[in-house]
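Each chain gets a letter, A, B and C, in the order it is written, and its residues are counted from 1.
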Amino acid sequence: MAKPKVAFYWCASCGGCEEAVVDLAENILKVVEAVEFVLWPVAMDFKIKDVEALQDGEIAVSFINGSIRTREQEHIAKLLRKKSGLVVAFGACAHIGGTPGLANFSNREIIFDYVYQKSPSLDNPNKIFPQEKTTVKEGELTLPKFYNTVFTLDQVIDVDYYLPGCAPPPDLIMNAVEAILTGNLPPKGTVLAPDKSLCDTCKRKITKPEKAVIKQFRRVHEVLLDPEKCFLDQGIICLGPATRDGCGERCINANMPCRGCFGSTSRVEDQGAKFLSALASIIDADSEEEIKKITDSIADPAGIFYFYSLPASMLRRKFRTEL
Amino acid sequence: MKVRVGVYICSCGTNISDNIEIDQLVQFSSSLENVGYVKLNSLLCSEDGKNYLAEDIIKEKPDRVVIVACTPKEHEKTFRNVLQRAGLNPYLFQMVNIREQVAWVTDDKNKATEKAKSYIRAAVKRVTLHEPLEKKEIDCNPDALVIGAGPAGMEAAHMLAKAGRKVYLVEKNSFIGGRVARYEDVFPKMECASCMLEPKMDEILHDENIELLLNSEIQEVLGFLGNFVVRINKKAGFVDNEKCIGCGACYEQCPVKVKNEFDYNLSDRKAIYVPYTGALPNVPVIDKKTCLRFEGQNTGPQKEAFEAGLITREEYERFKNQDCKLCKEACMFDAINYEDTDEILERNVGGIIAATGFELFDPSVLPQYGYGKIPEVYTSLEFERILAQTGPTGGKLLTKNAKEPESVAIIHCIGSRDKDYKDYCSSVCCLYALKFAHMIEKHSPEVKVYDIYADWCVPGKDNQAFLDSIKEWKNIEFIHTTLPMNVVSKMKGEKIDLHCIDISEKKRKVSADMVVLCPAMIPGKDTAKLSELLLIPQGREGFFAEGHTKLAPVSTNIEGVFIAGCAQGPKDIQNSVAQGAAAAGQALSILVPGRKLELDVMTAEIDEKVCAECMICVGLCPYKAIVIDKEKRVAVVNTVLCKGCGTCVAACPSGSAKSWHFTTEQIFAEIEEVLK
Amino acid sequence: MSDFEPRIVGFLCNWCSYAGADAAGSARKTYPPNVRVIRVMCTGRIDPQFVIKAFQAGADGVMILGCHPGDCHYKEGNYKALRRFHLLRKMLTQFGIEEERFRLDWVSASEADKFVETISDMVQKVKVLGPLKREIAA
C-alpha cells in the first residue's frame, strides 16, 4: 500500500511550528515511517514544480503553518489546496493569524515607510523600496506583493482542520496525525483541541474565589508572581478564561499568564472582545472615575487581547489611517 | 427545512400610514427571504384585529410571526397571548416598532419608510432564529421562617399562621416581644406596652401553626424561593417548656448573682432566671456562663459578684467545686434537665422574613456627653428600664444611689444627623423623649425636665398633638440648640452641668441629676452575619437593603427573602407592625399551597458540557442565581432566581452561557440586517 | 461631507432608554432617523462583540443607552455595561475608531427630551467625523 503523501509548508511564520514537528522526538520516526513527504522546504529539497506536477488531491494532507502576508504565500496555499485531499492549518498563525497578525494595526505604507525610510539603523540613502517588478540587465525580477493585511489561512483557502497553538503541543500533533492516518476524523472545520476554555484543566482553578474582583492591574514584572494562585486574582491579565484548552497550561505552569495562542472556543466569534468583556466585568469599581482609572492603567488592551488573534477577529484590522 | 415567516403590518388607523409608505413596506416585506406572506390590517390590537390575527394564524400555519406596528412595550404581551390562543408558541414572534420610534418621530416620509424597512428586515432574520420557549413551573413549600419575635416578626408570624401556613419563629433571646418588652408605656397614647403586646404574644405562644424556637439562631440557609432548607442552632435552656409552670421556685434558690443584661446591667439576676417579671413565655433558662454546674464553676463571675459586694466572702468560697442542684431540687415539676444540649434543627420553608430589629448607637464614642464616665448619664433604653415597673427600680424614678432626682435632662440626636457618625434621623427619638417627659411628670410633677433638641420630628396623625400638649407643661423647659454635638456634660458635685448653645447663639447651662441620651438606632448586632447567610445585601448604614425604596420596601434582591421592622431602617412600632404584615402578605402572595411557582422564561442557561468553571460569572449575578456544582465542576444558573438580565452571558469568556430569546446569534442577525 | 448620513446602531434597554425613546414618540418629537435601535432587556447584556459586530457590519457609530446608575431594573447591569464600555472604547481607538463614535449615556423612561438630544448630538458628531474608512485588504 502506498504511503499517504504529506506536505508541510510555511507562510509568514517563525519556524517554531517546524520545531514542533522536531519536538515529536521519537514519535517523528513513526510519522516518517507512515508517510511520504512531497514538500517540506525547511528539511527537504522538493521544489514547487514537483508539487505542481502532482494530480489534484494526490497529496493526502497538507499541513500549512504561518499566516498569509504575501501573494506568494497565498499562491502556494492555493496550490496545495488544489493538490490536497485535506488541508490542516497548523499553528496559531495559520489558525488565527498569530503574532504576525499584529501588523494589522498598521498597513503596508506605514510599515514600508518605517522599515525602508525611517528606521534609525537604516542605511538606505537612495530610498529604495521593494518593488514587485524590477528590470535589470539580465531581465525582469519579481517579488511577491506584500499585502496590506495579514490573513489567516482560511481567509484565502478552504481549511479542513485546525491545529491550534504557538506552537501546537506534541501530543496534539500526534493525535491529529493518528486521526488522519486512521481516517477517524471529526466534522470538517473542527479545531483539533478540546472545546472548553483552559480554566477547565488549569491547576490554579482551585484557588479562584467565589467572587472574582480586580482592584488593580499589575504587569508580570511589577510583582512577585505567586506560583499557585490564579493570575487574575493577582491582578495579572491572563487570557485563560477566553482561550481554548489543550496546551496543558505550559505557560501557566512556568509561572507566566496565558496569552491566548489557542484562540477562542467555537462558541465565540471574537476572542479579544469576549476576553475584554470578562475582564471589565470583574473590575471592582462602579463610579466612572474609578473605572476609568483602572481601565486606563492597561497600556495596550488591543495588543494584549488580540496578541494572536487579530486577523481572525471580527474587525480583522485597524480602520484606515493616513501616514 | 425552510422557516416560513408570516408578516402582519398594522397601519394603526392612520397613525403609521400617515408618515410611512405602507404599500412599499408590504412590497418590501414580500421580497424578503423566508417571508411566506404579508398581510395588512388597520388595527391589530382591537378585538376584531386580535380575532383576525388568531384565525389567520390558524389558517396560514406560519412557523414564525412578525408584527409590524407599535412599541412592543404596549402590545407584545397582547400578541403573545393571541399566538398562544392560535396554537403557536408565543416566543416564535418578533414585534417591529414603526410607530413610536419611526412614524411619530421622523419628519421625512421617505427616510421613515427606509428606516421601517431596515427594521422589518432585521426582525424577519431574527425571528427565524427564535426558539419555542415553554413556561416552567416548580413546586413550592408554602411555609415560612420568621427571624425575630419583636413586633414586626410577631405580626408576620401571626398573619402567616392564621392563613394556615406553618411558621417557624426563631428568636435568639429566651423571651418574645423584642425591644418593646422593655418599655413601660408607648407614645403617643401613653398606653401600657405590655398590655398592648399581651394579646399578640398570647396568640404567638398558643397558635398551633407557630413553632416558637427560643434561644435559637440561624446557622445556615440553603436553597431558594419555595425551597429553602434552614439550619437552626437551638441552644440548651435546661428547662422543659411543657413541664414548667412558672412558679419561680428555682431561681429563688439559685446562689449566683450576676448583672442582668435585660436591664442593661442596672439590676441583678440569677444564673437560672427569667429576664423580667412577666416575661413570656414564663419559663426560666440557665445561663451556662454563670451557672455553677457549667462555666460558672470558673469562679470568675462569682469573683466579680463578690468584688461588687453582691455576695459575701463566705458565699464566694462556697462556690468553688460545687455540685449545685439547688434549682432542680426546688422544682416540684421536674422541669429542670441538666443534660439538655444544643441541637441543630432543620426546617423546610418557602419564604424567610428577617425582622431582627435594632440596637442603639454607643454614645461612649462621644466623650462630651460623659456616657460611661458619669454614672447618671443613661441611654434611652436604660431609662426605659428605670421607668418600667418590671425594671431595676420597680418603676420609681431613682438614681443609682436610690435618690429621687430633682431634674432630668433629655438630649436628642445623639450621633444622629451627623456626617461623621450616623447621617440619618431615627424618627422615634423626639417622640420617646416626649414620652419620657410625660412619664416623669406622672411620677413626680415637681421634677424639672430639660429637653435639649435640634428639630422636631413628629410626623403622623397623632404625634404633633402629643408634642403640642406637652409644650404647655410648666415643669418642662425646651432648649432649642442647633448642634446637639456641642452639648457637654460636666460633673459638678453630685449634679451634672450641661453646657450648650441655643439657636440664638446664647450660651446656656442647665443643671440636672440625670441625663438621658437619645442615640441613633443602628442595625442589630447580627445583621452582618445574617446578611451573609441570607445573601441579602446590607444597604445604607448597614440596614438590610430593600428591593426598591418606594415600590418594594419589604422585599430584597433575593427572591423569597423579606425584611421587616427596624432591621430595614429605623421606625416606630406602628410601621414595624405594618412592615411585618406587608412581608407576610408578600410571602402569602407568592407561596400558595397547591399552586406551583411559575418561572421566568427568558433566563440564562450555561451549557454544562462546555463550562470550564472559570468563575467569572458567579459573582456578577445580583440575584445570586449562579452557583457552582461542585461535583460536575461547572457553573449552573438557577432558573428560579434568574431574571434574564444577560450580564453573565455577556461576560462569559468561553461562550458557554446563553440568554434565551436574546441569544448572541439573534442579536448579531439584527445588527447585520439593520445596517444593510 | 454635508451629504454624509451616518449609520448608527443604538442598543437600548427595555426598562429605561427604550421606554424613553417611546416617550419621545408619544410626544411626537422629531429627531434624525440615523440611529437603528436594537432592544435588549438590560445594558448588562451588551457583549462587546455586539459593538464590534456593528462596526464590522458598516456602522459609523454605536451608542449604548441605559438606566441611570442606581435605577437599573436588574440592580447592577448598567454598572457592568459602564465597566465594559470604558475598556472597549479605549481599545477601539487602537482600531482607528475615534472615541466620539462610541458612546454610552443614561436615559430614563421619562426623559424624552434627553433621548432626542442624545441622538441628535451623536448624529451630529459622527457626521463631522465622516464615515469610517475601511482599509484595502490586500
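Of note:
Here, contacts are C-beta pairs under 8 Å (C-beta built on N, C-alpha and C of every residue); 3 or more make two chains touch, one makes a residue touch a chain.
These numbers were taken from a predicted model, which means no experiment stands behind them.
Counted by C-beta pairs in contact, the busier of B-C and A-B is B-C. Farthest from subunit A in terms of Cα centroid separation is B.
Subunit A and subunit C have Cα centroids separated by 33 Å. The distance from the centre of subunit B to the centre of subunit C, each centre being the mean of the chain's C-alpha atoms, comes to 38 Å. If you average the CA atoms of subunit A and of subunit B, the two centres end up 54 Å from each other. Each of residues 47-49, 53, 80, 84 in subunit C touches at least two other chains.
Of all residues in subunit A, those touching 2 or more other chains are 268-269, 274, 277, 281, listed in ascending order. Shown for subunit B are the residues in touch with two or more other chains, namely 620, 647, 650-651, 668. Residues 71, 105, 107, 145, 147-149, 151, 268-270, 272-274, 276-277, 279-281, 283, 285-286, 288, 291-292, 295-296, 298, 300-303, 305, 313-315, 317-321 of subunit A are the ones touching subunit C in the complex.
Residue ranges of subunit A in contact with subunit B, taken from their complex: 195-200, 205, 208-213, 240-242, 245, 264-269, 274-275, 277-278, 281-282.
On subunit C, the positions that touch subunit B within their shared complex are 7, 9, 14, 18-19, 21-22, 24-26, 28-31, 33, 36-42, 44-50, 53-54, 57-59, 73-77, 80, 84. By the touch rule above, subunit B contacts subunit C in their complex via residues 71-73, 97, 99-102, 104-108, 111-112, 114-115, 118-119, 122, 557, 602, 620, 622-623, 643-647, 649-651, 659, 662, 664, 667-668, 670-672, 674-676. Per the touch definition, subunit B reaches subunit A in the complex via residues 610-616, 618-620, 628, 633, 647, 650-656, 668.
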